[in-house]
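Next come two complexes built around subunit A: one with subunit B, the other with subunit C.
Now for the complex of A and B:
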């Protein structure tokens, strides 16, 4: 499609004067090309600029500048290249560090001496092979992880679903023992991987009835009877997210501590280490101090029909996104539900409410 | 197939791990340190001094470098003197050395002078050399680090360890702006294949590190490259992940004209490098070089040109890549002078983070400078 046509329409929608239109067109062309057109849910002929035109039209004329300014100056969009880069960083920046610490512990040497002797290097290589990499969702991009680490991590160390079964684990263990030429070898590390954690609720939370739930709890429940057979006695669990909010980082640490002390020895992992490829800053969530005008729009143009049993888990409405996280965040493969609903919600408006139009339509996924 | 790399694996630390390592390591009995650091206006000049135990402070040979540029701003000189006095108080054996960055004819001589100064330093009895580049310009710091790499790599018997420290704080970087000179030139010791007959037909790939306010300097370097080879390919480096999540977008916007028109950058040629990890950029540059060497082997070869003008941590990654492949060229525009937004620098709220890289010595060998077999 000729982009000039839709830009012309956008100028009308925004009532831009010629000079302003020229400036904004330059920015829109640049960012469409460099980043936003890569959003996976856009269709041919209806990519960023078209979606923006559609999104802006839901607002009154005098409110459109507020919405546009928000996109122009506050939106954080993580592109495919950026997300893949976070995947590529995982092994050299995080996995190596964990394994290096463990080699130092096992050999009782300083961590900086791990590369100084063949004995410690050999143990490092063995521990790397004794590591299992398990994705908690398809956002973990285990395929990208495999390609980035070809020759270091084998296919027999990666698992594409968090729910293991004996047959799969038997196969993995057999391959491990064959590779190490050690009939008694077991796994020493498990890395659970996911793309993003916004509130920490999906990973670990306590329900109203006092029972624990979440992906990490399910991993314990599904596998606690298997650990002894497949994993070394003092195996380590590491949970890695490519991207995290400060709130999730804090919540996850607190809940992990709480569940460990509540359940006691033998009823929970002896130690869980959390790591993050990139941490979003504390001041990223929208607040009345920084985005009062835009938050007023999130109130005014909200349709409660987007609420469901999943959004209610975190309480209240979903205007500011799941868990009231108020994030201005878009990931190229999907918009997190922790982002403000006005960015992603798509409703028919058949309940006498405003029909919300998404800028970055979100595909629901729950596990 | 991936080639073995000198610093993969590497002993490096950042953030709280770097502080913890330095406290732990420097407290070990038997450490005897030669410290090279800038005594400049940059508040990061004095960052690592408190990590030295008092007994080691008393015994450390510190060389404090004062970079002299024409007509310095009085306030910056006063700040530099204050930092120097603080460092002198911490390290009683410290000596201050002034290095002229420009000759009378405006030729850039800072790097050569710095290397000359290091040549006169004895390493007898020294267990560890620390180069703190936090308050040194790269035109001075890079030749110093290269000097020690060259010396230590060729010494027999027990040799000193070589560590490099950089204090990373993007907010302070933003508060400092430089007034660039007119001359584009390789940093002393990092000419690489630049100007060599054997590289005259090489395909040039330029990897500029994009940073706020660096447009004029990078445009000047590109113009020079284009005069040499019209089809110079540009792969700009953007900081990601970054402490400011919108920084890559803001840099794309700031460099819009260059990316779209002058440099004709394909979106797939943008390079993302972790703002705090020198190793990330080091690996990426070498991976690209490996691929290009194969592609251009029989048609004139490949020539990588680096211009690390952004954060210290990332520039360290470019330095490591250039130290490993000695045909890389680091093209630079030296600063005639600096200005500091003092109120901004003094009100920085985000704590700075140290990056530590262990470049040579015991960490990779048997304690006598001999490196262990790589994987």
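Now for the complex of A and C:
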């Protein structure tokens, strides 16, 4: 669709005067070109400005300014370039640090001496090869990670599915031993990678029946019997998210501690380290203090039909998103369900409910 | 939809065709045609001086060989016809063939580094000159390569007295000369690029040895040129050293003297801002009387060098009219490139900016009428006299009726003038309606003052129409585009909103004033704070005078005696530097040797953005009389 045409429509929808329209057009053009049009679920001819016009129309005239102001000043959008930057930082900032610490521990030297001798450098390179990188979802962008670290990380160290099987692990171990020319070599590090953690619920949580669940728990359950064969005795598990909320950071650490103490030795990983490429600020979630007007809209324009068994896991409703996280966040490949529902919900409006129109349509990843 | 008005710097347009499509030939003809006819444009060093945005780089790019070829390739295209004609008038093109081989060397990288070296002055200068010459030769050949000319078909036509100098540049063969230039450039660049400068004794002979192609070359000949249907083509090499203000002043002086030598045969231009000059020199250049040489607009000729000012040259009326033509032409070219407006053929800036004045609101009109009535009563002017003054106003501008608010404002001014002119009249018989000492006339001055009074009292639109837009640009193309951009954006917004594209006077006025304020706020050049204080100080005094009820003067400048101005660099060096940078960055325009009241004045005329911001007339000539000492005090007071 001709962008100029839709901008004209948007000016009508928002009832902007010429001066305001000029300023907003400049901002909309810039932001759609630089960021928002890159959202993967937009279609040719129906990108950001078109979606915005459609989204704003669902509100009453006097509420549209509130919704637009929210988009203009509160929305946080992580673009492809920004996310790729976080992926590229993962190896130099996180992986190297972990390996360096381990080399220092094993050789009983200071971390800054790791690069000073052949012995420590050789051990560092060996540990790097003994590291396995497993993506917890397709948001982990293991392809980008691999390309960014070509020559350092081989294809035989990266796994694109979180559920491993013996055949795959045998294959990986064989390649490792061949590369190191060591028939007894096993993996020393496992890095579980994901793009975003909002509440920490999907990663690790306790169900109502007292049983643990989540991706991390599943990783334990699936592979508990395999660790001895494929991993060194004191292997390390590192869980890395490119982006995290403060709440998730705190919750994850608490739950990890809780499960370890509940289950005891041999029933949980001996050590799990969590790391984050970027941490979203504490005051990012919407609150009555900062966004009372917009939160009123999330109440008024809510259709409970978006609730499902997944959203119910972490809260009473999904107005403020999964786990009541109340995030104003959009990732270029999908909108997290932790974000406020008004941003992503799409409902037909049956049962006399308001038909919610998404600004950034969300692709469901849970089945 | 991209607004091309935001893309001014011609360096941003890499493609020659794109560059040519936005170039207006007007200043080319006006500034260069006559010196070209007189033969001074290509036979001595030509110093082009101008503020940022006056078109220095645009001018240089036009004379580059690739641009000339692009123009010639498109012969017959109406787009380039005017540019081609102007280039022919300047002697760069003749009979469909290029006459010069121009290259532009931007001085902003590498060249200043020579000054930092711990070597003797002569060695540093020698290295700089070798580097410039080598790069010029490489640039000439690069242009020829792009034109499909192979090195083997290029020969050098040396000066008759070049002697052994010819050997040092590689001889007459193009291939050998190019090779030698590469060798010298590489050798010098290794020193420029070195982290630590080598000892003077360790500098290779390839750097310190003789290399003076500028002294040797008279012409460059292409033996079998496809540009000339296989026949030989003889070209005059032209080197254009752009942005030379990046050099250290001592480097600049050395280079200027080197290029000013009469025996050089190649054409050489140096383009620079005023920044490079000492305040005394900068001010003396702008304070030179150039009005008595109307046949050489902007030209200050000497036997060894020419100075061409790209702004503030020649007869003032000519300047303004020429700039208006150029600016409209430029706006037309830019609007054609606007994806929204160009496709709708909304390309005439004049027709997009309404010139229809807007009257103040009815309630304010009533307020104004009451004000004038009470003024009449307070000044004790009879109804009959008022009727007479109103008749005078009616007489003014018979063709286009004046709006009621203007008529009332003009009447208020005339009432005050009447009182002043009757004050000294004898009232022996208690005459209640005395005759004024001089007849009162409603003229352009009264009309302008009335509009300004209404501007300050009611914010009645004052700045509107294409001519005001041009005049507010202080004859500076970049400034014109900066001011136009916001108007063009608003026009486009109106089109998008399915509203008529024409901007009303009120909108233009508001946007221009806003932009003027922002431009002044955004100044960040050396002495910017003090320049801001100085111009604001002058402007406030001008506003004070403008608002005098009898509207006797609508100034936008400050005049000091010419002799006072000429001694400024010696008497107050700080003020001289402030004025120098104010001139260099369009905050003020210096109008030297202005005759008024049998005295010779030098005017500091406020730039367009200052006038817009402060609400002053854009018309020229009105100034407050003062001294440089008062200006200095104004600066001190502002500081306090």
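Note that in this section the second predicted complex is superposed on the first by the 365 of 367 C-alpha atoms of A that agree within 3 Å, B and C clash if a C-alpha of one lies under 4 Å from a C-alpha of the other, contacts with A are read in each partner's own complex, and residues count from 1 in each chain.
Here, contacts are C-beta pairs under 8 Å (C-beta built on N, C-alpha and C of every residue); 3 or more make two chains touch, one makes a residue touch a chain.
All figures in this text were calculated on a predicted structure; none of them were measured in a lab.
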Residue contacts on subunit A - larger count, subunit B or subunit C: B
For A:4, decide between first (touching subunit B), second (touching subunit C), both and neither. second
First (subunit B), second (subunit C), both or neither: which does A:333 touch? neither
Touching A:206 in the superposition: subunit B (first), subunit C (second), both, neither? neither
Quick one: classify A:177 as touching subunit B (first), subunit C (second), both or neither. neither
Check the residue A:18 against both partner chains and state whether it touches subunit B (first), subunit C (second), both, or neither. second
After superposition on the shared chain, which partner residues are touched by A:218: those of subunit B (first), subunit C (second), both, or neither? neither
Does the superposition put A:26 against subunit B (first), subunit C (second), both, or neither? both
Residues on subunit A touched by both subunit B and subunit C 26
Along subunit A, where are the residues that touch subunit C in the complex? 3-5, 7-8, 11-12, 18-19, 21-22, 25-26, 29
Interface with subunit A, subunit C side, in the complex: residues 1, 340, 489-490, 493-499, 507
Flag every residue of subunit B that touches subunit A in the complex, lowest number first. 2, 8-11, 21, 25, 240-241, 243-246, 248-249, 252-253, 256, 259-260, 267-268, 270, 272, 274, 277, 279-280, 283, 358, 362-367, 372-373, 375
Sites on subunit A touched by subunit B in the complex: 26-27, 30-31, 33-35, 74, 76-77, 81-82, 85-86, 89, 92-93, 96, 100, 112-118, 121, 125, 151, 277-278, 280-281, 284
